[in-house]
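Next, two complexes with chain A in common: one pairs it with chain B, the other with chain C.
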Partner chain A sequence: MRERLMYLLAAAAAFLLTWNLYKIFFVLPITANVAAYQIVYFHVPAAFTALSGFFVALGASGLYLATGKFKYDEFAAAVTEVALAFATVNLITGSIWARYAWGIWWTWDARLTSMLTCWLIYAGYMILRRSIEEPTQRARLSAVLSILGCVDVGFVYKSIEWFRTQHPSPVLSIRDGGGMGPGMEAPIYWNFLGLACLSAILIIVRMRQEETAREIDSLRRMAHSY
Partner chain B sequence: MGFVRQALTIAAKDLRSELRTKEAINASLAFSLVILVLFSFAFDPGNSEVNIQAVSGGLLWLVFSFAGALSLNRSFARELQNDCLDALIASPAPTGAVFTGKALANYALLMAVEIVSLGIFSVLYDVKVKEYFWPILLVMLLTTWAITVIGTLFSALTVNLRMREVMLPILTYPLLVPPLMAAIVLTTDLLGGTPLAKDTIWVRVLVAFDVVFSWLAVVFIDIVLVG
Partner chain C sequence: MEPREFQFVFGALTIAWLIVIAYVISIATRERRLRKELDRVRKMVEGK
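And then the complex of A and B:
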């Protein structure tokens, strides 16, 4: 059942992403005034995927704390890891685009800083998981961190916006859009769907890994107790 | 015994044992002094073109948060000896009261270190704090509570981990970005002569952060310590 779902999702993701690539490069008009703007079709959906992943992880962590069922913990861990990967994609594609458009790799703009802080919070989550061996303790503590982190992301997001609006600096606005016509927004949403399918596959694979790891761990404990 | 009295008893116990050994307070004071000296190499304080006011908020809060991490690390770790932590959890006081008491003790210690460092800072870098001392104190009171709540909660969370000393700053600094940013903006503006009334949005960020995370900490401390 799970296998079939994975193949289905893989087919959907492959179709959507190829179709979008075709549309982005051959159908949509090329805007000459913004360099390498096509990257935005992956940059923005990656951010959507990452942020929705963090919210899903918040829900899963809450469910784990409420029920104590390990499957929610495994799900939260898998989702956070995949979301963190997409946050990395978002940061790197943004950086590449910034190099072309602004001539610099990085600028301390509100949006960039908030994404980086968000990335750091969830990187801490991954490090925390690595450093605890006992499964119940790991699940419990990382669930708490996931919930606190998600609340904090809200604060980070709002406060950094205020920070930069109060202190205007000569950096370019990240939301200049670069001549994003009304017909050109659709591929962003289609790509988001494609990436969402892809992350679903990754999450399923990752969860299976977690399950196997836990099974091996309990077998090892059993073997040691004899 | 009510919640408040239990919390105060724990706070008094922590403060008493700290004042007898002066372990954390000496370490964090010495540490902040060292950092304050090191900062003078980052820019030239004697150069009249360098505007120290513009960076003073950032400098001060970096010192305060480093000193905070140092003393907060010890907060729950010192209870590991002789299984004191288990005794605290088993005691009739609820974990919320244990947390509040420890947070209050840490708060008092950190505030003391911060006020001394602020004095040293103003002498070493010739920054006038007298005029805006009370507003700066308000900012310190609000932000230090944010540092203390997050720090004490994560001190409990990381107490049994292998790399405790490293884990606490790795986990807490990203979470502390909003209050630290607010504090840096407010302190820099105050030292530059802008009254607090112009930056009320940042004071509100601090108050909101304090309220939300104090509540979350008291809710989650039982899960963290007991499970």
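And then the complex of A and C:
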């Protein structure tokens, strides 16, 4: 069942991302009100994927703290790791776009700084998980960090409305921005869907790995108790 | 698209996909390591 779902998601992701690549480079008009706008079609969906992943991890962490069931902790860990990978894509593509549009790789702007802080918080989450051996303590501390880290996720999202600095203010019409032009926004959402499918596959695999790691851990304990 | 713009777009997309591919490879490597470890620990438990 899991395998079939993964193949289905892989096919959907491959189709959506390839179709969008074709649309972005061959169908959409060459001129737009955003310089090197093709980068935005990956930069923004990567941010959507990362931030929504951190929010899902927040829910799973809350459920772990409420129920004490390890499956929620494993799910939170899997989602956070995948979201962190996409946050990396977001930061790096954003930096390359900034070099072209602004002439600089980086600036300590509110959006950029809060996103980097977010990346550091969740990188810290991954380091925390590796540094604690005891499963209950690891799960509890990770859940607390995930919940606290989510405050910054909200800040990242709202920062372009609260602070008018270097990063463009909301462009997408769903955020009351001016829009990118007729028909130019749709590939952003389709790419987000494609990346979400890809993320779902990676999360399933990571969940399975977390389960295997727990099995190894319990077998080791069993072996030592003999 | 002017050549300079193309270079940036191409560079950004290449790096984005390289990050995703590197992550997928790291997951696959971990998967192999975990399978080996599980087999080893299972044998250890069965042997006791």
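Methods note: the second predicted complex is superposed on the first by the 194 of 226 C-alpha atoms of A that agree within 3 Å, B and C clash if a C-alpha of one lies under 4 Å from a C-alpha of the other, contacts with A are read in each partner's own complex, and residues count from 1 in each chain.
The rule is short, and it goes like this: contacts are C-beta pairs under 8 Å (C-beta built on N, C-alpha and C of every residue); 3 or more make two chains touch, one makes a residue touch a chain.
As the structure is a prediction and not an experimental result, all values here were calculated from the model.
With both structures placed on the common chain, the touch criterion links A:52 to neither chain B nor chain C.
Legend: residue contacts after superposition of the two complexes on their common chain; A:198 is shown touching chain C, with no touch to chain B. Look at A:96: by the touch rule set out above, it reaches chain C but stays clear of chain B. Judged by the touch definition given at the top, the superposed model places A:121 against chain B, while chain C stays out of reach.
In the superposition on chain A, contact of A:107 is made with neither chain B nor chain C. By the touch criterion stated above, chain B contacts chain A in their complex at residues 153, 157, 160-163, 167, 170-171, 173-175, 177-178, 181-182, 185, 199, 201-202, 205, 208-209, 212-213, 216, 220, 223-224, 227. Residues of chain C that touch chain A in their complex: 1, 4-5, 8-9, 11-13, 15-16, 19-20, 23-24, 27, 30-31, 34-35, 37-38, 41-42, 44-45, 48.
Chain contact summary for the complex, chain A toward chain C: residues 30, 35-36, 38-39, 42-43, 46, 85, 88-89, 92-93, 96-97, 99-100, 198, 202, 205-206, 209, 212-213, 215-216, 219-220, 222-223, 226.
Taken in their complex, chain A has these residues touching chain B: 65, 117, 120-121, 124, 127-128, 131-132, 136-137, 140-141, 143-145, 147-149, 151-152, 155-156, 158-160, 162-163, 166-167.
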